[in-house]
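In the two complexes that follow, chain A is the common piece, with chain B as its partner first and chain C second.
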Partner chain A sequence: MAIGVKVMKRPAKDVSYVRATLKGMAITFKKMFEPKVTMQYPEEKSAPESERGAWSISPRWRGTHRMLTDEQGRSKCVACGLCPQICPANCIKLVPGEDEEGHRYPLIYEIDEFRCVFCGYCQEVCPEEAIHVGVHYENAEYSRDRFVYDLERLSSQTHPVSTLWDPTDPKGE
Partner chain B sequence: MTPELVSVTIDGMTVQVPKGTSIIEAAKQAGVLVPHYCYHPSLPSPAVCRMCLVEVEKAPKLMPACVTTVAEGQVVHTDSEQARKARTGVLEFLLINHPLDCPICDQAGECELQDYVFQEGQAATRYGEFAKRYNPVEDFGPDVLYVANRCILCTRCVRFMEDVAGAPVLNVSERGDRAYIGIDQDQLLDHPWAGNVVDLCPVGSLISKDFLHKARAWDLDKTASVCTGCSQGCNVMLDTRDNVVVRVRPRPNLDVNRHFICDHGRMHYRWMNRGDRIEAPLVREGGRHLATDWEPALVRLAQLAARGGNTVILASGSASFESLAQLRALVGKATLTTGVQLLLADDEQPLPGVPGLALRHERAANGTGARLLGYGEDWNAAVKAASGANLVLLLDVTLTDAEAALVSGAGAVVVLGTTLAQALPAAELVLPVTNVAEESGTFINRDQRVQRYRQARTAPGMARPAWWIAAGAAGTDIGTAAEAFAAGAAMVPALAGLTYADLGLNGRLAGPPSRRADGVPA
Partner chain C sequence: MTPELKGLLLVSIIKLLVVFTVTMIGVALLTLMERKVSAWMQYRLGPNRVGFGGLLQPAADGIKNIIKEETFPGMANRVLFMLAPALAFIPALTLGSVIHWAAPLPVNFDFTLPLLGRFVHTGLMPMAVADLPVGILFVLAISSMGVYGIALAGWSSNSKYALLGGLRATAQMISYEVAMGLAVVPVLLLTGNVAFGEIIRAQQVGGFGWFILPLFLAFHNFLVAGFAETNRLPFDMPEAESELIAGYHTEYSAMKFSMFFIAEYTNMVTVSAMVTTLFLGGWDIPFTHWDETPGVLQTIATGGMMFLKVFFWLFFFMWIRWTLPRFRYDQLMALGWKVLMPIGLAYVMLIATAIYLIENVAGISSGLVKMLVLTGINVALGYIVFMVLDRGLLIGGSRERGAASGGLGRRAA
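Let's look at the complex of A and B:
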């Protein structure tokens, strides 16, 4: 049994592709003379906050972490244990210890960036302003285990850190 | 004689309390916690902290709840505006010199200053422009550090050392805002019970060196247990972090240890975390120990036990009552010699302020339980008997080389052990058992108080409680520690009918029911 095919009978001006092609090409030519909006990543990157242009990311961006250090290059962390406690993803491992001068410091401080949900609570809760989420998005690695950041790696990051909230409008109103 | 009762109304709740009770204790019965620092139920009250001031109707001014005794018809308001204002004021004064170092303070999370300030303190200081008093950290003794800056001068430590420990080495030196806790120049805080000052300190001023920076209070899982340090059977709390016991603290039991434990018991926990554990049943085949499953191991144990003849059990004095009972039941009718390793020490170290509390020379927790089950106390005789026995069962004992040589002469040796060091090369069977932190069970202390302890960490590998192994080999249908206890209690007249439900958290005296009707010794 043959299959019945319904043949549409439309006027020639609707069926012709010439009009549609011209319409499309008109848009194409128009765009050629407009300013370009595509960012040529990775050749082009987001501008630092100081020279914020069209392609800078928000200062409140929450990316991979950074541990701040003091003047002597030691991490500011005192291993108080608030960040592993507040962390909703349970991605921070902290073992406290004591250095030669009797100061409390983290023997082990590891953040599993795969588990992290980048909520920024660790930065918010930190009494020493040590751990921060970073304004940073390039995190590619060749192996999965490289995503567990240890203290040394967290301290050696140099990217800017998040402000978490807008200083002019801290309550988000 | 029942004491005369008076009725008082505290925050709208009328309670009947014995005459002479302090308001703070009466308030506890009314379900009201009056904030306090210097008051402690096991210490005399000097009313120095002024934190527990409450409003008593018809009294001209606020009264300290810790030293004011209740009177008939008294009406007390602990949360009136006046009382609250007084407490807020006291907290403000305490915080003038208290450093803001909670992030590095070991007490954070269990600090009474933190709690009360959070509850009803002021949000901001009015003394921000003045520098805080600073004193360096002082080393008080073997396990105690004194952080003077954090001290709120409640003097609990001073009173404990003077009135309870009877070794007055601490004092309040200087005066006014320069005051601090001083220590006798020629002395150390090395009394065998001195560690209690760390628990008594409501803030992080006296801290334990052993626990320093080890864990945060909110990381710890707390398990009610019983100290295995001696036959006193002090109630303790095992604090575990990530399945590791990191601290032992006293658990209040007014009939045994009040609020204290000795330093020996406090430090007696590291072995619970040992890594060199037997993790699977080992069967001796061709001169070597081969790991096997529980089923063949239990069958082998049953075969050995069924052979009868001279049998010797050498057990640890800190083995649970359940395990000792089931092991005896397994051997059954065989000619039995038993010995318990009681680890006798030469000295007893009493705490003068609490009658009947001491670090006993019998440094094992369940000697009485073993005696009630008919275990022999003559360890050396039992070891000698082992050399000619048909079967020797070792329960969690570490033997000297000479003893091991004697025991290895037996027909068959079965080791129920925790650590690899206990696994004798000559043993026919080596079975992994749990230690006190990894099982629940009961100990019977020297006053015949039956006390339960609970599991604080997971057992390594395939380790099982010894009662489970013995019951399994005997084919007895016992699946829980409660059933094992009931079966054991049935073997001892003094414990007849006692169950886990009767024991509760504070234990119960063994003996005829009339004597233990109220659970309190005469």
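Let's look at the complex of A and C:
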């Protein structure tokens, strides 16, 4: 059950441990004085999309959701039921309602952000471009139940929304 | 008690307190230094929030560790589990007491206190808590005790990872003790004494200069063995995060974990001080003989010199840590038993023969000539070891495995 190990005939300078160590030490020492890349987070934050630099998150970032609203401030959602249907994490709770004129709207629309896997399918499937995943990452809360976002909360978010990945323009140009 | 004994006791207690305090604070700052140096070497900034530039980080860590919960793994052997950190901690701190931190200080006092009586101390006071005549032997003996703490921690935790870490530590530390002991022997051959004070004196006035040049290979072996003894990278098998979680201290929390940590850093300080003492002239300030006449100023200056040297070696520990990846376990054992030990043994024979030939056959008694000859021998030996032997042979690797054509299978059999 011998394992055949191929042994390369390398020149001595490539297999010397001590010389390699010294070379490595020279490199690590030099690195100590090179500029640092740490971003001092709470003071420095990801730059907005308009002034993209080294430290801004991608416009395709899929963060916590946002529900878009129309001019009257009502959510654009027509309670079609597609997003709860496609959601792989089954974390959208939708109870549809209908007003006198026959317009459907969500009576209850809740997203459990803890169960969400941020796949972005809900945004992709939505016929009204109502629900979106957001370009946003500061989500800390003091209690677990605050992570179930209701309709009001989703509608009042203001952060930018994700552009998602466009198969016809894979590099986002 | 005679007044002289009381005086000796008094200065010893003062030295003890000073060394203990300085070690503890130094170790706390060392953890910060380690984190800073590792950060800088990786283009990061390191801790910089607590206090000015992160200076209070060790205090924050300490407070956190004190108020954290003590956890006990189920079915652990409680007594040994509690005992292990102390067994690692006590020998580590004990070692600091025999090291000479500065030139001897002339201390003369004669006073009488109510109730306690008369205290007298005259003459030179060595700047070590205990100026043991068996210095180096004491260090070798006590440093082996540290392995009990680690082995017991691994054994008593009732965890596979901890047990493996403990077993590795035991094998590793015992193996490398051999290499370390052999690396010390040439120094003893040159000085003819095991007391640290005498070893430093020999390097100061013996005409040899520091032993790093005439005994370069011993110095190298000692350094490598020192890394293995302190379980630092590239020999941190007992902890090996990527394979063993945290090795022997996986199950430890809060202050008990801290004690292992402090022990490790104290051992680093001790090994640094040992390297300095044995091969770099201890507190000796190079190119001057001013520091050999005792005085307060000289003590302070040599203390600073000692600090600089020890500091360099501590930095060196961190430097190596971020340069070399961890060894494989069989490579580690092979390096200890198949490389360092034979080299160490041959080196002892060679140096002993060389000294005999120089002194008794050639009849040269001048220290300088002796040193030059030994340095020449070391340059030749260094060339052989580092340029000729070191071709993938020092670290048991592909070549050995290729020769056995399936060494893995053979080794398992």
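The working rule: the second predicted complex is superposed on the first by the 127 of 173 C-alpha atoms of A that agree within 3 Å, B and C clash if a C-alpha of one lies under 4 Å from a C-alpha of the other, contacts with A are read in each partner's own complex, and residues count from 1 in each chain.
The rule is short, and it goes like this: contacts are C-beta pairs under 8 Å (C-beta built on N, C-alpha and C of every residue); 3 or more make two chains touch, one makes a residue touch a chain.
Because the structure is predicted, anything quoted here is derived from the model rather than measured.
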First (chain B), second (chain C), both or neither touched by A:Pro88: neither
Touched partner set for A:Gly73, first chain B, second chain C, both or neither: neither
Which superposed partner A:Pro167 touches (first chain B, second chain C, both, neither): neither
Residue contacts on chain A - larger count, chain B or chain C: C
First (chain B), second (chain C), both or neither touched by A:Gly4: second
Residues on chain A engaged by chain C in the complex (per definition of touch): 1-8, 10, 12, 15-19, 21, 24-25, 27-29, 31-38, 40
Touching residues on chain C, where the partner in the complex is chain A: 37, 39-45, 319-320, 322-324, 386-387, 390-392, 394-395, 398-399, 401-402, 405-410
Residue ranges of chain B in contact with chain A within the complex: 102-104, 108, 137, 212-216, 218-219
Complex contact set, residues of chain A against chain B: 78-82, 85, 96-98, 102-104, 127-128
